[in-house]
Amino acid sequence: MYDEIINEPQWHEECGIFGIWSKTASVTDVCYLGLFALQHRGQESAGIAVTDGMHVDIAKGMGLMTEAFRPRLPGITGHCAVGHVRYSTVGGSVLANVQPFLASFSGGFISLAHNGSLTNAQETRRRLENAGCIFQSSSDSESILNLIAVSQAPTVEEKILSSLEQIEGAYSLVIMTGDRLTGVRDPHAFRPLCLGRLEDGYVLASETCALDAVNATFVRDVLPGEMVVVDRTGVHSYFLQKKARRSSCVFEYIYFARPDSVIDGVSVWQSRYLMGRRLAREYPAAADVVVPVPDTGIAAAIGFSAESGLPFVEGLIKNRYVGRTFILPDQTKRKATVEMKLNPVQANLAGKRVVLIDDSIVRGTTSARLIALLRRAGATEVHMCVSSPPITHPCYYGIDTSIRRELIAAVSTEEEICRKIGTDGLHYLSLQGLLESVGDGMGERMCTSCFRGDYPTDVSECLAEAGI
Amino acid sequence: MYDEIINEPQWHEECGIFGIWSKTASVTDVCYLGLFALQHRGQESAGIAVTDGMHVDIAKGMGLMTEAFRPRLPGITGHCAVGHVRYSTVGGSVLANVQPFLASFSGGFISLAHNGSLTNAQETRRRLENAGCIFQSSSDSESILNLIAVSQAPTVEEKILSSLEQIEGAYSLVIMTGDRLTGVRDPHAFRPLCLGRLEDGYVLASETCALDAVNATFVRDVLPGEMVVVDRTGVHSYFLQKKARRSSCVFEYIYFARPDSVIDGVSVWQSRYLMGRRLAREYPAAADVVVPVPDTGIAAAIGFSAESGLPFVEGLIKNRYVGRTFILPDQTKRKATVEMKLNPVQANLAGKRVVLIDDSIVRGTTSARLIALLRRAGATEVHMCVSSPPITHPCYYGIDTSIRRELIAAVSTEEEICRKIGTDGLHYLSLQGLLESVGDGMGERMCTSCFRGDYPTDVSECLAEAGI
Amino acid sequence: MYDEIINEPQWHEECGIFGIWSKTASVTDVCYLGLFALQHRGQESAGIAVTDGMHVDIAKGMGLMTEAFRPRLPGITGHCAVGHVRYSTVGGSVLANVQPFLASFSGGFISLAHNGSLTNAQETRRRLENAGCIFQSSSDSESILNLIAVSQAPTVEEKILSSLEQIEGAYSLVIMTGDRLTGVRDPHAFRPLCLGRLEDGYVLASETCALDAVNATFVRDVLPGEMVVVDRTGVHSYFLQKKARRSSCVFEYIYFARPDSVIDGVSVWQSRYLMGRRLAREYPAAADVVVPVPDTGIAAAIGFSAESGLPFVEGLIKNRYVGRTFILPDQTKRKATVEMKLNPVQANLAGKRVVLIDDSIVRGTTSARLIALLRRAGATEVHMCVSSPPITHPCYYGIDTSIRRELIAAVSTEEEICRKIGTDGLHYLSLQGLLESVGDGMGERMCTSCFRGDYPTDVSECLAEAGI
Amino acid sequence: MYDEIINEPQWHEECGIFGIWSKTASVTDVCYLGLFALQHRGQESAGIAVTDGMHVDIAKGMGLMTEAFRPRLPGITGHCAVGHVRYSTVGGSVLANVQPFLASFSGGFISLAHNGSLTNAQETRRRLENAGCIFQSSSDSESILNLIAVSQAPTVEEKILSSLEQIEGAYSLVIMTGDRLTGVRDPHAFRPLCLGRLEDGYVLASETCALDAVNATFVRDVLPGEMVVVDRTGVHSYFLQKKARRSSCVFEYIYFARPDSVIDGVSVWQSRYLMGRRLAREYPAAADVVVPVPDTGIAAAIGFSAESGLPFVEGLIKNRYVGRTFILPDQTKRKATVEMKLNPVQANLAGKRVVLIDDSIVRGTTSARLIALLRRAGATEVHMCVSSPPITHPCYYGIDTSIRRELIAAVSTEEEICRKIGTDGLHYLSLQGLLESVGDGMGERMCTSCFRGDYPTDVSECLAEAGI
């Protein structure tokens, strides 16, 4: 759903993280490969820090990994590394915000990569600044470093644990200290993190597709509130004292994660497929073809087709070369953007009643354009089926979403939305349907605050910032 | 099918071409957009030449269009332009080979972009050199410029026509001379070329997807042996005296062209879909799922599924960030390439009998790796269905294919191929099946020389060069 | 004396700094111009931070300013800025060490650029780390930021002053906090810093040539131990309590500073000229011509010529295109480096007895090559006259010099040096002569520790680090 | 005198050329080094072509050599190479104009680099176009390639000779054909070319400083109208039938060439020195100091000082980092340019009567600025002494000069010039004085057409083009 050209505010995952510890091998390249498999989680910057236990080297840059590391990869031969890809930052000194952060403190050096967003970030930062800490970025992740540094706890592990007790919100972390690799998942387990085994070491990654990319064997997902530490003696597990109801982000299944990943035991592809089946049961459209908005809508559309018996066809072809660096010449910018990115297959649309499957609607602008595109290609009817419920509340757990008044579902009735996007029919997957589609009963333990506003942590600071 | 990482010789289309003539508007940006829609036809270099009738400006560069034009686009405000994207060249002075070519001659200036390959290139070049011509590239397209320049014919149109009578092989051309845009297709119509109308002008393009990208209305395909000239007075049509049986390249339908294009009246997507249906009839596999090799295998897999009733699923997910500039760190190069580019969806494969749909097999190396990947993900059987007959002969009409001894089908029996790629079953689409799948009787008028060696022009020069 | 090709350890000034405060104008461009005039003080990286009182923007990069700011200059329209150019850093994460540093703390934001080197850097850093501070660079300048942040003093000015009382060594600083520009020079006044006036504001710069570059009027040099603060109400002066004997770096006059600069009231060009005159009196060579090693030897050679009556000629011509980015092809690297950079003017050398004037000898390798070059061009005798005394001790005040055993004068007698560099005569300027050449009695107040080891601050930490 | 910032039209030498032939060694690197020593002759583009007798590789690019070859140097191991650096080109497709040109023709391949400018370029080009030749650049050098290609002469040497008989104007050429290196100098010997010997081969270069850079021994200058051919059997000499009076460009001595070069037996540095001495005799100024405009004015200023007894001092210091890529921020562009590039040494100017030595005055704008700069620094009188006569006529032999009405000396009296540039006294070196300063009687055989309009070839075509 990353879409820079159409330039509609989209939901952006903040980051992908990867960590590796190996008894014997040089890990920079493997870290690169693993991180590369997570590129879909962040295209605005990338960084890798590597250590051999004695020295640390770090390389960071803006853009896709191929650009960010064009000048250099970390140059040392090390056995432990952490990496990070991230979506965009506003503000000037952007490079300062690129992760992993690397710092020295009384306990040696520490490098940290963070996926998620804290809900008591400002209060934490203010408290630290008053205690004499300086901040060299605008990132809330830097607070975690400072908390660890000022901690009086005797060991690095205890410093980390005691720091995490003071923060709230979403955080999956990979941390490299001295000779150890540490992974943490917050007590709500908002963002994913899994553990894999190499022949002579371990990896931590946001998604299993990164384990596949480095030929690691999946061991298990990190548990809510768990801290795993990898060192020469093996993998050790610790737990935060703070407990919480699990509320993992359901949008990982809807469209963030790669369909080939398995998160907390549930196949992303299968979840999407089941959402599509459920959609078809909830909205038995009288139509001729089922067309996905590629790429995230494909699995749901296959499911819809399987359930409804309507043929699945490709109705919109994506230009694979549209990317970050595509800069449209000025005068044609407005006119041609959708046509540059997605082009209809007339043979599959002309004279057809179409069910269009997309994963979500944020502002509605893109949907309106796509539906118009289908009609110009000859579709006689277009029914829009969305594999998620209406998004009515902003996310404060690591997704860069619109503010509330930009969310079409927060300010419009379904009828108004139908009119605005020009569809003949519109159906959002029911919340019940969504939760039942995420297999193994996991659905029950998902964060649904963007649909219901039932934030599992105190978000008053975030609301205040948004002027609410 | 562009695949740099896996680094197996693939079939590469040589080029995409685009021309535009407008009564009123500045066309550089529109030319850029049109060419961008043809990026899949060539990723190694790009160029655009623009004129306002008085001045000409040209910009060329290596790499994808976003890189090639990063330093600059042509700077003048012109009403006529030609553009070119192309696949790779061997040899040192690569930039010299980037098209369009731009030259001045006794008739003014001429800029030319060529898709295809001449089969009497060497003889033509030798003849011209003996007449005192110099060549500043190793491209056979430069011969056409020289032929036009030495022509004694009175008008530019006649110079072009008389030059084309002297060359043989495949050529779709867009040519810009002074105030005119010219498009030509060789008498066999090997490579595609179509004409579209703008509000105040015309465009010529390799595929209709480029017409869509600039909001042009499709007018018609350029006919075999036809030269169309666009100028202030409209579109004029001329024909070469040389006649030939139409033998258009069938691989445009199999995988070169974008599925949303319509070539010579036939939808590419539909053709692939029908190939899939036909495959299913020819090879009624006892299997559980149909899995495409993305992206070119998708339409055929949908067709196979529709005909066979077996469910269509995504079994291999492509990492969309693998591209030209992806440079794998050295030591991991061999191990991880396939895993970086395609990753299996275990949920759709484990315990399943899989029909894998790909468009062709060249050397067989990629197929072997993909099949192994599916098996590691738990597939119990893999049946490989290929939507084209065995490729046994090299192409001399604009596709950079392997030499004969590298073509697995030229040197191995089907049984040997089965063994080499490790499949439980293998079926190539029959030639008859292929030709019938390309709609509207067009199949009968296709070039099939890569399957049968029945080259429609004299290729003795090409054979000699290959040492045959 | 910057010399990357010949690759001999040279004495490298660590930095140039520039600050600007204007009532009305946007200052980014003026800061760029001022800093550009200080490029000779550091070619490895550059940075500029700008504020409008509300927002801060910073741009940093590696290389010469033209490269470092190629991606961008700070984008905001601000009335206050600080900038920094610096020589090289060892270690991996070099960008993290590029100045200015920018941080937020309890008092708002602070940006700081530092010229010099602290002699209690490690002790200070350890103390801060133990207090819970983190360090994101290996630079000792970051300690100053942390000291200011942890200070309990009520105002920012007092925080800065109290922090500086805790550090020792060389520091000229420009600091930007909120709406104010602050400049500081350590009590020994090791490194230069001067104040200039614009129509509507003030600038601070390492050298007066930067004042000239922005059309600022010289006001005065910042005094030893003085802190000047520029804000809306004018220029305010404060003094550190710590007092010290002035010991400004004499090498600014010998070769660091630009000859058109005036430092602490003394013209750099005139000082060099007088060193040359004194050299001629101390070593009345029987010779035919005086030849400078360009560019730093020129003024001294003119002085030598004036005093001795021997004609001044150009005997070595510098290739002005040899620079940072010049990468010599491998196999020729050893052979041709000196010839690439300096080429003899045979007409001025053949058959002549030559006095060669250079500013210093560090390891002697370059001198040996130059003398051989002169001889090959026909010089019958070469007498080497050096406008500084023998360097026998490392500098710990901001110059990146060789360790002691690499200093030829520390380990060899003059006779041995003569033999090693192949000269017919060698004369170092006497220390007395040097100090008398730096006009206005300033010579008496210079740091001479590199000649005598009489370090004006406690350097035991530095000696320990060097294993002494 | 290259001056992009001040942006006054200057006299620009078109090119530097270099050729190398070696029995044994790989020559790419040596060619790079040789060409690098000629960088002052052209900073806008560079190219090198290399052959091993079988294959040719060429690399070209825009900008200084370090930029132009950043992507790549020719990749093959060859024993023969030609290289070219050149000043600017107008027009869009600039890369097409970058030399060396490389082409194949009936005689094999040919690569050519040209210094100079033809005076019958248009007529030659028109003639060739009418014969059917195409031109892919706007360079007159491409005509030479075409002439060679259409020549009916039996050998390559004779083809070249017969082609050169048809062109007029200035040309020093290095040509690489098959296994041979050829060097040519036109019958007037307008532009320099010299021959040097390596241990196992030969080099050709525009100036001897390039011989020095590759440790080649000077053999001799190529003679007027001579063609030297280097091959396996040694050096062979041929002569054009066309004879002419030698009229070598005197501006090579005034400022084009590097002062360490020796051209046609005459030291450039010595010539400038003698011009300075002569200037002092012609204009015995009552002054206190002699100040050169660096770098070209230095030798003349030393000469002036020696003759007049007035002390030579540095009064203007050049910022060595001002270069091609220096882009001044917009608003400060006008104000600060001269101050960025040259800064006065106040100590040498305040209260002094100054003789300022420059090599030439083109439009007078720079002179006016420099003189104002000196006065602001306290100079009480400024006398401008120019080491060349007034330039009153454009050059058509390879220097990109102003058109006539921009030449201040063509349209103003000396008195008017004095007033315009604000000097207290102005003296141009007399033509007689100039010619006598270029040693060995060579002065008599110089081209003086820019002073007198006595063009040694027919320039009616050039005059027509300029609308005269």
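Should a chain be cited, it is by its letter among A, B, C and D, assigned in written order, with residues numbered from 1 in that chain.
Criterion: a residue touches a chain if its C-beta (ideal position, glycine included) is under 8 Å from a C-beta of that chain, and two chains touch if they have at least 3 such contacts.
No experiment lies behind these values; they were computed from the predicted model shown.
Each step here moves to a touching chain, and the least such steps from subunit B to subunit D number 1. Most remote from subunit D, judged by the distance between CA-atom centroids, is A. If you average the Cα atoms of subunit C and of subunit D, the two centres end up 36 Å apart.
Rounded to whole angstrom, the centroid-to-centroid distance between subunit B and subunit C, based on C-alpha atoms, equals 60 Å.
Subunit A and subunit C have Cα centroids lying 48 Å from one another.
Contacts with at least two other chains are made by no residue of subunit C. With chains as nodes and touching pairs as edges, the resulting graph is a single ring in which every chain has exactly two contacts. Pairs of chains in mutual contact: A-B, A-C, B-D, C-D. If you check the complex, the residues on subunit B that touch subunit A are 26, 28-30, 32-33, 36-37, 39-40, 43, 64-67, 73, 209, 212-215, 258-260, 262, 267, 269-270, 273, 295, 298-299, 302, 306, 311-314, 317, 319-321, 323, 325-332, 335-336, 339-340, 343-348. Per the touch definition, subunit D reaches subunit B in the complex via residues 55-60, 74-76, 92-93, 95-96, 101-106, 110, 129-136, 145-146, 149-151.
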